[in-house]
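Following this message is one structure expressed as structure tokens.
Naming follows writing order (A, B, C and D), and every chain is counted from residue 1.
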Amino acid sequence: MKIVSLADIIVASPLILLVLGSLAPITTKVILGNREPRSFVTLMEGAVALVGSAILTASVYYLLTARGSYFAFNDLLIFDRLTMVTSVIMLISSVFVLILMKENPSSSGYGYAELTFLLLSSLVGGVTLVASYDFITTFLGLEVMSLPVYVMIGMGHDDRYSKESAIKYFVLGSFASAIFLLGVALMYGSSGTTSFEGLLKLGVEFISTNFVFLMGVTLVIVGLLFKVSAFPFQSWTVDVYQGAPTPVTSYMASVMKVASFVVLIRFVKLGYFASSTPLFELIQWVTVLTILVGNGGALVQQSIKRMLAYSSIAHSGYVMLGLMAYGLSEYSSSEELIKQNVLFYLLAYSVMTLGAFGVVSYLEQKEGAQLKVSDLRGLGRTRLGLALALSLLLLSLGGIPPFVGFFTKFYLFIHALDQGLVWVTVWAAVGSAMGIYYYLRPMVFMFMEEPSSNDQAGDASYFTWKPLTHLIAVFFSIVVITIGVFSRFVLEFIR
Amino acid sequence: MLLSLIILFPLICALVMALLPDRRYLHKVALGMSVVEFLVGLVLYLKFDHNKTGLQFVEKILWIEDFGISYFLGVDGISIWLVLLTVFLQPIVVLASWSSINEKIKGYYVALFLLESAMIGSFITFDAVLFYLFWELSLVPMYFIIGLWGGERKIYATLKFFIYTMAGSIMMLVANGVMLLLAKETLGFYTTSLLDWYKIRIPFVGGEFFSPQTLLFFAYALAFAVKTPVFPFHTWLPDAHVQAPTAGSVILAGVMLKMGTYSFLRWVVPLFPEATQYWSWLFIVIGITGIIYGALMALVQNDIKKVIAYSSVSHMGYIIAGIFSLNELAMSGALYQMLNHGISTGALFLLVGMIYERTHTRDIVKYGGIAAQVPIYTVIFMIVTFSSIAVPLTNGFVGEFLILLGIYQNRPAWAAWAVAGVILGAGYMLWTVKRVFFGPAGQVVQDHGLHDLSQREILVMLPLVFLVFFMGIYPNYFLRLFEKGIIFLVENFHNYQLFSQITEGGL
Amino acid sequence: MKGLELFTTVTYAHFLFLSFVLFALGVLGVLLRRNLIVVMMSVELMLNAVNLTFITFAKALNQLDGQIFVFFVMTIAAAEAAVGLAIVVAIFKRFREVNIRFFQFLKG
Amino acid sequence: MSSELLFSLLIFAPLVGFAFNGLLGKKLGGHLYPGVIASVASFISFVASVGLFQLVSEQPEQAKYLVIHAFDWMQVGTFRLPVQFLIDPLSSIMILVITGVGTLIHIFSIGYMAEDPGIAKYFSYLNFFLFNMLILVTGDSLPLLFVGWEGVGLCSYLLIGFWYEDHEKAEAGMKAFIVNRVGDAAFLLGMFVLYSHFGTLNLLELNSLAPKEAIWNWLDPITIGTLLLFVGVTGKSAQVPLYVWLPDAMAGPTPVSALIHAATMVTAGVYMMVRLSYLYTAAPYTMIVVAAIGLLTAVLAATMGIVQWDIKKVLAYSTVSQLGYMVFACGVGAFSAAFFHLVTHAFFKALMFLGAGSVIYGMHHQQDIREMGGLNKRMPLTYWTFMIGWLSIIGLPPFSGFFSKDEIKWFALASDRGGNWIFWGLAWVGSLLTTFYMTRLMAYTFWRDKKYSADHQPHESPWVMTVPLMILAFLAATGGFLGIPHAIAQILPGHPNHWLEHWLKPVISLPTIKQGITVEYEWLLMGLSVVGSFTVAMVTRYLYLNRIDLIDRTRERFEVIHKVWVHKYYVDAFYQKYFVENLVLSSRDLWRYVDVGVIDRLVNKIADVTKELGRGFAWLQSGNMQNYAFITIIGLIIFVLFLFKG
């Protein structure tokens, strides 16, 4: 047992910066006498904190820990490449979320300062989560990440959807946390440790010999699968994604998803997904069904956000595929490569989903707009750039080359095949063929259907000008091409 | 760099089209640029050494190291023809669009040039992932071309087209992954280069469906069969053709379908020689069924475009049966027929488009007796019809003759069925011609005063008509150049790795 | 007399059993009760049941880790309750409704 | 002049004429230019063929042919197909006939088509036909022959449907092409069979590779191949069962009927068999089939010819019947006789068609012979020339038909390749039938009292039309001297030999006379034919002119037979009903119920089922969060059960 050292503090400094930064907007608000500060100021405060934290993370990684793994706070937290990369992704993504929030009607009036505070607080949890190396910190991170989001969802001004979404997420989220926690308890009870390091030392065989431990692991997995919205624990996702204000949805779909998957990556590293364990077959089914449910459910959706939510479920399935390959590849030469490609997938997905929700956010003219796919009718005429951007993003989500969505998916397929998961991959491929339909449908409405007089998207004056959101959407649509074609540089960063 | 240029130039064209400020010059600039692209293709053709087997103008840059995916371009004696076909049809299509496309012109040309780039790309790439990339990428512009400038049921048609093709090719993606891993296993390194893949010996057990080679064979074959389209995966084709604008139909029939048949030659046959040999009977049966089935379907259509669409199914049947006859006659014939079909069916769609512009109907019942009104049009249509039904001295005959002779060499009894297509082909085409052009004047003649082809339209058709005859009278100009491509393939498809050994360096 | 030991001697198993019963009650509460407040309380019940488990295990393993864990959980549970109540209050103010069945606008 | 140059003239003169008339004819305007240009082109061709004939005759006896190599058409691996032309005794006569008769018909057409607005088109088609026909007869390989074969079919299609505004005529053209295509498909297969067996499709090589001994085997490739080629012949040369298109083909302009559907194109099948005589002789089973089909056609067509009222239809059935004779002659191995008849038939049938054309022209496009009569006074030139044609076809000496037909009948009995009395008897009956209906035609058209109304006064045709008639009449009258039978030759001074047979000897297989058949038989048969024909002709003439009531009564008596003949033995109806309609109807059903109903529906069904699946998933998403929690718990339980089951 060593005492907390200065190094620990320094390594954790991005977190501290985040905490301090999160206070800035509300402090400003307090100083201004509880008047909402100008949103630009708030945005800058948040962005500075986020970017600063990201820079700090990177520099800590490169300068202090010398690109190795550093265990802080008695092995509660780990700072390694994975932590660094995912933290940076999350932090930078959050900047974009903040921008979306600034221009979205659900948050542009009052409460932007509070939202910024909540977002940054949530990120504190998120970064803790990706750095967690003990189930205590995992739980802590999960909860700290989720709690502000409950509020953020519910902060919609006068919108019953956001309230419903908040309560659903809150109840189900806590419910899952409790299950997760029970799992941790059982694992702890049977093995005497909650740290990943300890579990690693314990060995994989333990899971086959100790029923209580297996039970615990199962419950933990259920909790984690719930967070990444895998079948059959995906139910909350769609409703919550739809009901939440769009920027918050984009936050959940990108940042929170990345964070949750990082936990899964670390969890998989424990070896419980290897083919020797009984979990193996189960997870195969979960993966296949997640993909099918996600893609299948999206087929019949009218609401854009709901459709994207189902798509998000499907993408979780693909990542699961990669994770399974990762679990099977232990100690083989491709292990690092798979992890890297899974991360690449997560990064790419964040970009695509942020962009897509960005467009949705642009289109929302009032709170709780609940846009339907058919509301896009005529967008190709009035906002060609935006329509094209959305098209590219959707094609990328659908896995059409040369967009990044294709490459990431293809890599994961290769790894899965390499690890012998042939039938799962085939189903995954079938699912992705199913998906094409709903990714193409918005394009049908944007370009091919003739707008009638009551279609607002066909009316150029209908939209308020949201330059930053527009910029984000277009920027991300370009990004999905460039990081697809020039993936080498991105992979270099992730490695 | 020539090959990169030939892919990149259309992209540049698309960019120029998108940025061109003055809308008045769109048509002319598009034509000019497509002609330049054609000239680039011509330069490629002239610099191509037909006496060499193997790849030429090779460009290879490692692209994604982790999996050995590379930017790998090259042309051989087979692909050069399809590249030429593509660049040749493009200016024609552009010229034909001058009057038919009146709105969203900019987007239209952007899509057209993107499409050209993707199609050429799929013909000249020798890297599996790059190929898949171009393959899928070609769907997107076509999706928009049909969906934006199409007919009444364009959305149904375009979605069907896209999803069907995509669903068909998704297994190819998985198979690509498997091949990649096999490459790693047998060659010791990750590679998606086709030339390396040729060296892989994939385990094959004759009677067993679940042997690796058979499964991979079918995974690829399915993708190409949908694209081609082979009976019974053809139902997207009539819908797509009927709804597509003229240019869309021409490109679709002229070039895109060739992506399917070409890929059979390039991928399926040499990669899976044993499976190809073993299952060739199936594909000959499917091909012949397609010939007859397509013809029977064409016989009873009342929409001119549907007649031609189903005739495409029939013609594709010839090509597939030809390829899987696995002898040099049939395969040369198949390649020849690919070019023929591009020209004659392309021409037919152009012609239908021209008359549609005048009458706004494709319903055969409403036509009749228009020959007197539009003599030049009639003459050209007849010429192309004769090409389509393979009358000697037109290009169609050469292709069909070689294919049928080749099928006979492989399976004599089945050739008789294939030959039945010759009769039925004449049946549906001439019946259509009779109903449209001959007999007493029909409704459209009474409703519209039809005017004959304009000079521009004649200019559109002339190169095609010229090729119909040139390829029919002097096919040897082409056939002897197939030698190093097709005949080498036929003779060596069991050990096609030879091909990779004799590949030439780049330019 | 052996059978009576189950009732006379309190073992770890008893604690565990109790905690599982509590947890199950919590789950049932979440599944069945209609009142949002009660559902929230059920969730809290689940968390506390887990706390009990932790403590039992900590005692059994003779470790402190489990006990420390409980502190974390209690903190989180408190925060959760605060957030949850806040949401419920906001909802009640807006809709005058705490019946869980009321919230079925989002579906499909 | 070199053979290449002559040959180029032969081939390209009509092609240039075609191109010129096709592209510029309409612009030039006028009704004369196109005809003159086309006729000149055709005449140049004729001159060239005379030159080629001369060149061939100068060749040494053992290699009596010229080969003109143009370029390689197709070459794939070992398969090589040069564009190469062969001028030998056989084709040299063919080109003479084609260009000669062709030129005359061109000239005739100048008059006949003078008032048609599409005259330029007409002449360009006619020239194009000549071009294709020349390719057909000079091509030195089967595929090249096939080029011409399909090419002439194409021209036939275009010319039959020349007046395309008429629904029936357009239909007739289409029918001709498609029926021919049936034969052509078999022809293609036949080529494949022969290529696979012999490894070549060159005509000379095929003949020389053909086994010397007859192969009595149905499944031998040679038998199959020749049979398949013969199916092609039945299409092109209008034999049973594919003869149905030829009567309908009379929809085209009459000179076209003369050129294409009497003199040249329809004989292409016969020509092809004569060409491959060695191959055919090697396949005796094929020969039996050929002979049977030929004879059947000859007799059946004659019976149908009896009941026609359309002057052209009578001639059309007569053509079918005569083609039957030619094919029959091939079937008994008398290839030279077949070819002989081909040549003489080209003369007298072209003559009669043109004569009919002249009559139609004179009668203001009236084709029904019941409306004619008494034209011998109105149109003397036409009458006399037509008369020569008649005398020729009924086989009275010394007109050409006598010689050629008699030779066929002689070989029907005497050939060692299957000649017998039954064949002869049927052939004889057929020729008597021919005499009957041709005499009937004469009686109705010329000899009877006039039946036309007063305001449609028939008039004699202009000289452009009558001069060709006269030339053809001369040829029809004297053409028979090309092949004087041995029996007659023996008693003639100088013993002129059978020139045609001698001329063709180097290239075709000749039959020998059966044992025990002496020259007396030949005299006997000749006598029977001549006497029979003469008697029938006289009786018929008498009946139709004086005792028409007897004819009518006979017809009523045999109403059933008459009906069958009028309905062409119901063959057309049979095809229409069982092939065409059934094909279209079943295709429609196939399209509706299989293509749309099964295949496409399956495709859409897959999409629908997928969507339904999605709807199912969405249904699970009930909106009630307690359900979600419940699903979660169920999932958990399933997990646990799954994990702990084993």
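Criterion: a contact is a pair of C-beta atoms (placed from the backbone, for glycine too) under 8 Å apart; a residue touches a chain by one contact, two chains touch by 3 or more.
Here the structure is a predicted model, which means the values were calculated and not measured.
> Can you check which chain pair, A-B or A-C, has more C-beta pairs in contact?
A-C
> Considering only mean CA positions as chain centres, point out the chain farthest from chain A.
Farthest chain from chain A, going by C-alpha centroids: D.
> Just give me the whole-number Å value for how far the CA centre of chain A lies from that of chain B.
Chain centroid spacing, chain A to chain B, equals 43 Å.
> With chain centres defined as C-alpha means, what is the inter-centre distance between chain A and chain C in Å?
28
> How far is the middle of chain C from the middle of chain D, if each middle is the mean of its Cα atoms, in Å?
Chain centroid spacing, chain C to chain D, equals 98 Å.
> So, what's the distance in Å between the C-alpha centres of chain D and chain A?
Once rounded, the distance between the two centres reads 79 Å.
> Can you pull out the residues of chain C that are in contact with at least two other chains?
Residues 27, 30, 100, 103-108.
> Taking each residue of chain A in turn, which ones touch at least two of the other chains?
If we look for residues of chain A contacting two or more partner chains, we find 167-168, 171, 175, 179, 238-239, 300-301, 434, 437.
> Where in chain B do residues touch two or more other chains at once?
163
> Along chain D, where are the residues that touch chain B in the complex?
Contacts found on chain D: 71-77, 79, 143, 146-147, 150-151, 154, 157, 161, 164-167, 170-171, 173-174, 177-178, 181-182, 184-186, 188-189, 191-193, 195-196, 583-584, 586-588, 590-591, 595, 599-600, 603, 607.
> Under the definition above, what is the set of chain B residues touching chain D in their complex?
160, 163-164, 232, 234-236, 293, 296-297, 299-301, 328-329, 332-333, 369, 371-372, 386, 391-393, 397-398, 401-402, 404-405, 408-409, 412, 415-416, 419-420, 422-423, 426-427, 430-431, 434, 437-441, 474-476, 479-480, 482, 487
> Could you pull out which chain D residues touch chain A in their complex?
Listed in rising order, the residues of chain D that touch chain A are 607, 610-611, 613-618, 620-621, 623, 625, 627-629, 631-632, 634-636, 638-640, 642-644, 646.
> Considering only the defined contacts, which chain D positions touch chain C in the complex?
Residues of chain D touching chain C: 618-619, 621-626, 629-630, 633.
> Could you please specify the touching residues of chain A with respect to chain D in the complex?
Listed in rising order, the residues of chain A that touch chain D are 167-168, 171-172, 175-176, 179, 211, 214-215, 218-219, 221-222, 226, 231-233, 235-236, 238-239, 278-279, 281-282, 292-293, 295-301, 434, 437.
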